[in-house]
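Letters A, B, C, D and E mark the chains as written, and numbering starts fresh at 1 in each.
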Amino acid sequence: MYFAVKNMNTKPILTVKNLSVVFPDNNGGLHALDDISFEVFPRDFICFLGPSGSGKTTLLRILANLLPPTTGQLNFIHNQHPQIGMVFQQSNLMPWRTVMDNIKLPLELENMDESTARIKAQEMIELVGLNGFEDSWPRDLSGGMAQRVAIARALIHDPDLLLLDEPFGSLDAITRERMWTELSRIWQAKQKTVIMVTHSINESLFLADRVLVLTQRPGKIKFDLKVDLPRPRNDDIRYTPHFGKLARKLRETIE
Amino acid sequence: MYFAVKNMNTKPILTVKNLSVVFPDNNGGLHALDDISFEVFPRDFICFLGPSGSGKTTLLRILANLLPPTTGQLNFIHNQHPQIGMVFQQSNLMPWRTVMDNIKLPLELENMDESTARIKAQEMIELVGLNGFEDSWPRDLSGGMAQRVAIARALIHDPDLLLLDEPFGSLDAITRERMWTELSRIWQAKQKTVIMVTHSINESLFLADRVLVLTQRPGKIKFDLKVDLPRPRNDDIRYTPHFGKLARKLRETIE
Amino acid sequence: GSFGSANDANTIRKIKLPMGYIPNIQFAPFYDAIEKGYFAKEGIEIEFDYSFETDGVSLVGAGELPFAVASGEQVLLARSQELPVVYAFAWYQKFPISIISEPDLNITKPADLRGQTIGLPGLFGANYIGLQALLFSAGLTPADVTLEAIGFNQVEAFATGQKKIVVGYAANEPIILNSQAHPVNELRVADYLQLTANGLVTSEMTIKDDPELVRRMSRALAHGIADTIANPDEAYTISEKYIEGLADMDKTVQMQVLTTSIEFWQAERIGFSNPQAWQNMNDLLVKMELIKEPLDVNKAFTNEFVP
Amino acid sequence: MDINPLKVFHPSSAKRNGMWLRVLSLGLGLVCWQITSIFSGVEVFILPPPLKVWSRFLVAAQDGSLFRDIGVTFSEVVLGLIVGVTFATILGYSVAKSRALEQVLSPYLVASQAIPVVAIAPLLVLWFGYGMFSKVLICALIVFFPVLINTIVGIRAVPQAFYDLMKSLRASRKQILMKVEIPAALPIFLGGLRIGATLSVIGAVVGELIGSKYGLGNLINRARVGYDMPMVYVAVFMLIFLALGLYGIVARIEKKLLRWQETFERLNV
Amino acid sequence: MDINPLKVFHPSSAKRNGMWLRVLSLGLGLVCWQITSIFSGVEVFILPPPLKVWSRFLVAAQDGSLFRDIGVTFSEVVLGLIVGVTFATILGYSVAKSRALEQVLSPYLVASQAIPVVAIAPLLVLWFGYGMFSKVLICALIVFFPVLINTIVGIRAVPQAFYDLMKSLRASRKQILMKVEIPAALPIFLGGLRIGATLSVIGAVVGELIGSKYGLGNLINRARVGYDMPMVYVAVFMLIFLALGLYGIVARIEKKLLRWQETFERLNV
């Protein structure tokens, strides 16, 4: 058992400064995010918590370079956008690709050769428990199965930065906890940086080093919680007093 | 405070007998549901719990008459399909309708006059906390907001039977609990029957009279739990020993 | 089907007349005859129909219409396919096709065409038949020249120098080209061979059921032609009423079209068909393999109704 | 890494830009034409310069006959469009809903497109006369197919989820049609209508060439026979304006009904 | 309430049904035709009965000239289709991506459709000669527009979410094109191709009518001038078969590439 150690002399790989987003609408624009600033260090696991409509998805879209901020800055280390694995809030599978082909898409984009790609994809399929559905079309999957395909797709190309938008939202308790454990394992083994949006306090405490809570629209950072629970965390940790204390703190800020 | 009383001499409004579903596939068909039988009484609030892919959505689709079962029977009282309000797993909003128009769709189908419909829709919009977004297009909503629109749409026409497929999946803790309370209130006030699919043990215990647990594919009913917690239930009930006991029971069957 | 017959002279008979071409100064005799009441006097009211020649002949053959204006070879071709059409009145006495060539080529007789490339609308119709007739008259065959199908764009092809020899109507393309300052040499088919040309076509049924109608049509038309020949200026003025846009066109050119056409209408007895011209046409079509075996030309035309 | 500030979208400025671009593009076209007609060496009576066409237009406009021709062709085009679109939509919807119907009808539908009008002209004339009716029929025939195909493609692309929703609400067939199928198929259907609108103009001209008294197709014929090339161009331009007008109407309808799509006004495509 | 057992779908039996339906429908069509030609009172040389057309076909097939005409028209149609589709796809894609380009080009694109070929035939002939090229050009021109419009509609219908996904994976423009835009726009694009395939046949015939030596359009002209109506019908049928063949190829491609759609084979529509 060890503690996640924040190495204070590594440089942040991402600095977000005074970020705001205004969407055009009919009366003066909709303020989605307001003056967001934070830093992300290598190997951080950050969770964003916040009410519906507080701009969490918008923030992830900015980090993934899918949306330019209205004002503010976003700086990646070496001014270079890292390789990203993203799970969108909707599973976002291509209906013309089978499960297998959806999962190996990122490898295809890297021009990996077909047979290696298939082997890797098969591993991911096993990881998310979808053996036997390799050749199914997305339309024939259940909601949770589609989400698992999306998770597999985000992880397969071993990205530096994982951006996860409620990735476990429609998974049952068991599958969800299995995925938590898997994600922790991958994060520790492969030295990834993870930024994840979630609704679940338990989930954020189980997984994150740090939880950032956003306010109601326009989203501002209301609370920055360092999660100093020992790792690896397992199910028992939820019944420890420290966990309870952190959970209560989060619950209070949210309310 | 009172207990939900099962009136044993009322007749079931719905009897499901030996229901099975096999989807065609390339090797012998995919068994989604196997030999499902249960009865639903008026004013029941039933939750289905089960792992991803166990056939929960399939079951709701059969109850809504969207899919014929491969074998087995489904009998509604008086052989008449009741009026249904359904929340789908995907929010299923029509992209060419604004929030307001999406919510009042069921009233339009009943040919309610426009002004009354708008007033009712406005009430629902307030209920789900979307004031100010009446004229937004679905593409400009956040995931949770879209889900709330879908919930409003399912409730607006005051249906006899509510079929809810993970309706609160992508809502944050606060909104979710507000919606729980609202749903309980509506259920009690308006004498509805509710069949709901969920992943959350807490959610099922907080809301249901009865929790049915499905097995891994093919889905069979593995466990039928009567939830004899007093109503109205509020947040405190979660910390009572009886709640804890029921939760542990469910957790054990699921694992 | 059949159309009503038996009219007394008092009732006006409405007749739809397919002209085979769009309104044009060449139809001046028809306009003249209407304007001066020659048709009305015969109890006939003409409604012009400017559609394709073959459609008109088909409809006459089918008994749907009593008359059409068409060329002689059409009658033979149609009869070879068992359409009972009969040519009752010869309007054009001479075949109106010309070979138009650059003066530099110095083509003055059909034999000069040997080895040349010739542009014509297509390998069908009056242009094709006229050209073949001319080639045969000089002992040439189509194999001795190169034929290019260029559509009805002879003027453009010639004016831009794309084709140095084209086939066209004597009363049309050469006049237009001259008016655009393009001098041309012209070989007229009519100068080498007598062939039957445009006239009034009717059917065996009409002749049997209502010979009087055919006679009356012929009479009115003969008057129109005679008057036009006698007084082209008057006919031109009348035509302006019937031809949309004629007033906007270059009058000297159009007048020249009319006077050139009149050369082809001149006859001792207006409307009379020359049996030799029919025989020649028959032979030509057989030679061109457009009809399999010679027809009895005497059934194809009649001079019985010529005034 | 600096990222550009988000540009808030101004619909009015975009519209103004569009206008300018269009005017500029048309002006450029005219200049090109003038230059070609001067330097290409093509004779004036084959490719007249724009000014000559313009003055021919002024003359023709004064005597009123031009407007009668425009009126005739316009009526044929619009009537043909209405008839063709009506039948195509009804049939397209039925075919989209029934594989069996498609099997039975598709050979005939394709065949109806491949038959050259000239070939069946005598039959058309026999059955429908030389009047406006036969031209409307030809327009309708040529409009029919694109609208049909796009109706089929549009209806088949309607997501199953919306049918489920409507069925769960016990919607009638008519309600499903009105509230789901029409709006969902609209983008593709309107694409078919765009194609149909321009093809209808072709149809009218073809019909008029077979045989007619008035109309712009007839005017072209008349002018060509008189070697009045400027007039041919005037007629061609009237046809172009007719097509542009119809197309513009469809585009306007599209803009209004498909506001919810607005792919362009989204922030990043 | 009893509910019918779910019927498991058998693709092979559906296919067999389709064949039968099609044969039945064609047979019925022939019978109708024979009856019409007997009882309608229309003369044989305007509407010849099927048997007469068949025997004319046998005669024409023997001397080989029919196949030369078919070959010529076929080449024109296919080449025109290839050229038209290529340009339409490239331009449609560009226009779908740029509102400005659309503003500049759309008047010309619509205009190009409204210009009757007959009116500019002399120019076409002048610039492109009398050979196959000008016919291919006309085919391409008529094929162009439907494919263009459907490409635009198709590309614009691609969900934003897939662009987001591809961008997050740092896909290149080409990869976005190949892996998202083409497959997503395919159903609508193939609809355009269906329309284009049949229109291309019309284009070839129109082109041949302007001036040609060979080809089925030319054959129709020749046969009509010779009052050989059965031959006209033989040529018309060859054109129909050509169109049906091309359409069939597109339908086959569609079936193969759009397996994932399979709206029909879904359980409840």
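The rule is simple: a residue touches a chain if its C-beta (ideal position, glycine included) is under 8 Å from a C-beta of that chain, and two chains touch if they have at least 3 such contacts.
Given the structure is predicted, the values throughout are model-derived calculations rather than measurements.
The two chains most heavily joined by C-beta contacts are D-E.
When every chain is reduced to the mean of its CA atoms, the largest separation from chain B belongs to C. Per-chain Cα centroids separate chain B from chain E by 49 Å.
Distance from the chain A centre to the chain B centre is 28 Å, each centre being the mean of its Cα atoms.
With each centre defined as the average position of its C-alpha atoms, the distance from chain B to chain C rounds to 85 Å.
Residue positions 42, 46, 122, 126, 160, 167, 209, 224, 261, 268 of chain E are each in touch with at least two other chains. The set of chain C residues touching two or more other chains comprises 54, 58, 62, 156, 160. Across the assembly, chain B contributes 65-66, 81, 90, 139 as residues in contact with two or more other chains. Those residues of chain E lying in contact with chain D across their complex are 14, 17-18, 21-22, 24-26, 29, 42, 46-47, 97, 99-100, 103-108, 110-111, 113-116, 118-120, 122-123, 126, 145-146, 149-150, 152-153, 156-157, 160, 163, 167, 187-188, 190-191, 194-195, 198-199, 201-202, 205-206, 209, 217, 220, 224, 232, 235-236, 239-240, 242-244, 247, 261, 263-264, 266, 268-269.
By the touch criterion given at the top, residues 61, 64-66, 81, 83-84, 86, 88, 90, 92, 94-97, 105-106, 108-109, 137, 139, 157, 163 of chain A touch chain E in their complex. Put simply, chain C touches chain E in their complex at residues 1, 54, 57-58, 61-63, 77-78, 80-83, 119, 121-125, 147-153, 156-157, 160, 162, 290.
Interface of chain C with chain D (complex): residues 22-24, 49-52, 54-55, 58-59, 62, 64, 155-156, 159-160, 176, 180, 244-246, 248-250, 254.
For chain E in complex with chain A, the residues that touch the partner chain are 161-162, 164-171, 175, 179-180, 183-184, 186, 260-261.
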